[in-house]
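All chains are identified by letter, namely A, B and C, in their written order; residue positions are counted from 1 within each chain.
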């Protein structure tokens, strides 16, 4: 799936990125982030249309992509009912769907319940396909904005300690961003989760192969004083056994005021949002303490997705 | 909630408006109404984006806001699935949702099932929040277009008699517009409803406090010959006991041809639409008799919402 | 319903078209098809808004209309929740809905579950109404793009043999396109379907009246070597008895590799898509064999719908 060309033709997995591509995308994102302050609409993708096919609703991700496209001067056509014309209902293959839908626009953003769906679509599509989450697979634009946030908040992408906390078995976020972090030197990872919700073996093998240092812990409180980034993930009650859920809400796996005080100065709390019980901080702390980074992280979704869309869609004649 | 500044920062309740603001908004609406005839798109909000978060579907209201924004040259990003990423499903607070979504656009229109939801969002949002209906609370842009319609149809906003008819307990329309009418002199209100569906006490107290004259009646036929405006409201079968519903459909609470003849010349029938059994007039009467004002009323939603969006979004630097 | 004016005021049925109108629309479509290659956005419908009211989801059709409008420089406002404010839920009539919604834009595209719904709306609307499928009624823009595809693929619209295959009782596609083909000389139709799924009598009467030659067959394999166009239709399992469905999937009613070999050179397979079991060809054949025309057919939906929108919406002052 990885590609060596100077430019991406699609974006379905974190592993596609190398340091050069990351630098290109982040330079674009920096430029857009500055521009967003002046609230000027750009004309970079005038006349281009982005198609969003969401086979499950994810309003937040959809709105973020739509806002990115609209900010670049482009148009969006969306559906959150994609499964209504998909294999589930009428038996059409994903490949057929792509061959029809690619005629309506210049790129396709797809969210699907099945791992690998975006890759299948990218393999046949004439236009770039972007993975906005494929079941238990990846959510690579989330990973990209996470990395961008680390760079912004710490001022560097190497030599730091990060803890991933929560349901690491079912959550795809930690997974996607781990692939990215493996490209940088001196990143030490700690996985903090109840026993039944540990990081899966494939990611551990990947990290070993790429010589990324990682360890596992069962009490966040031991980890908090040492790390630069605490990456919390949402407890997805609907996907967990009741006992696991109860355990994951216990104080060794959450950030409440007591645990918050264990964090060192200069560290940051990240979260892909939405958050629930795993973070219990008063709104005043969230608004004033610089260590609360998750709303700035969410805001970074816009310039990062703008960067990706510009990268994929500007002057398509250039990359063949 | 009321504010005295020359310009609104958000719009969640009718009570925020004073006569000066109403005059400002209606002057803008007049200008847009003239412009709409020539069907020219304006460029007033070029490059601005309106976010619509609907926690319950209300296609009509949503389309009306979207059309208003598009007519001003702006963009819209919408969801009628907002509850899919809300507290209901994932446990996120409204405050968190706002802090994420405000990054995607320049204003947020919210429709929610809970009274007070729009106020909670406005309290934390960096961008203007507009209430498009919050449960049994308010629907203040409806109230505004109702008042605008009265001004257009009667040529004045004071010294007239108005009857509100139907389910006045559960309907928020009569409630919102009553607050507005309380600001003008010589408005006499009559509330006509079955005993179990009477106007609630809080609005009566408000009217008493503002010295607005009102009375209650139980037979519309006694009222029709005397009023300038008959404001009918929809019988919401789903929210009413069966006996109440049957009673509300009885001839003393509806407009059929027989009752229609009781109306005086120069009077007007209004209705926020959609209407059902409470108005039973042939289509020819609706098309020809000037007293049927409800489709003109619906059409006024567009210039009035354009006025509000321009007021809130143009040159935001001006009001701090 | 037919109209003799030089220009359509609405488009709800194939029978509205005459040869002159078809020529006008196809000339426009040709122009757009050329233009689409250069991916330039046009400014023909700048400032116009298309409203899409879908009372049942049909994402593919909706996206196609939206893409057509956006490509012409116009705006779209859409709902796939239209039934949430319709008679089904709140008891509003279609006529009332039109009288409100027509204020929000310049044309209405409607998809409805009830035959005749689009005609009822067109009868009262101030703005053009386009039928995007009304239950078992028609889907006339599909018929138009089918005819356009025949012209493109065969180089002519007369003197050819066409077979319609599948569920001809419930499918509205063959029905709509048959009306159009009846206007041209030398078209020979064969209807191939299981006994219980035969073409209905009304269309046969229409064809007899217009002196169009047709016959019925029960084995596609006998027909394939003789026809220029095989028009396959989707087996709608949800609308068929189990025994009928099993029969319709039998080899005398489908295109698999074995049957495919029976097709003569220069012939074409069409299908309105989505397709399921009725076509079983490997992806390589679909990509390389010129006889597979259904993805080009789907792509023709865009220029044909652009042509229709331009025809209906450009300079509305011209036709009164």
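Keep this in mind: a residue touches a chain if its C-beta (ideal position, glycine included) is under 8 Å from a C-beta of that chain, and two chains touch if they have at least 3 such contacts.
Because the structure is predicted, anything quoted here is derived from the model rather than measured.
Shared residue numbers account for under half of those found at the interface formed by chain A and chain C, and the copies are therefore classed as meeting with different residues. Copies chain B and chain C of the same sequence differ in orientation by 120 degrees, per CA superposition (steps of 5). Averaged Cα coordinates give chain A a centre that lies 40 Å from the centre of chain C. In chain B, no residue touches at least two other chains. Chain B contributes residues 39-41, 57-60, 62-64, 66-67, 70-71, 76, 80, 234, 273-277, 283, 295, 298-299, 301-302 to its touches with chain C in the complex.
Residues 46-49, 51, 75, 77, 79, 81-82, 84-85, 90-92, 95-97, 99-101, 103-106, 124 of chain B touch chain A in their complex.
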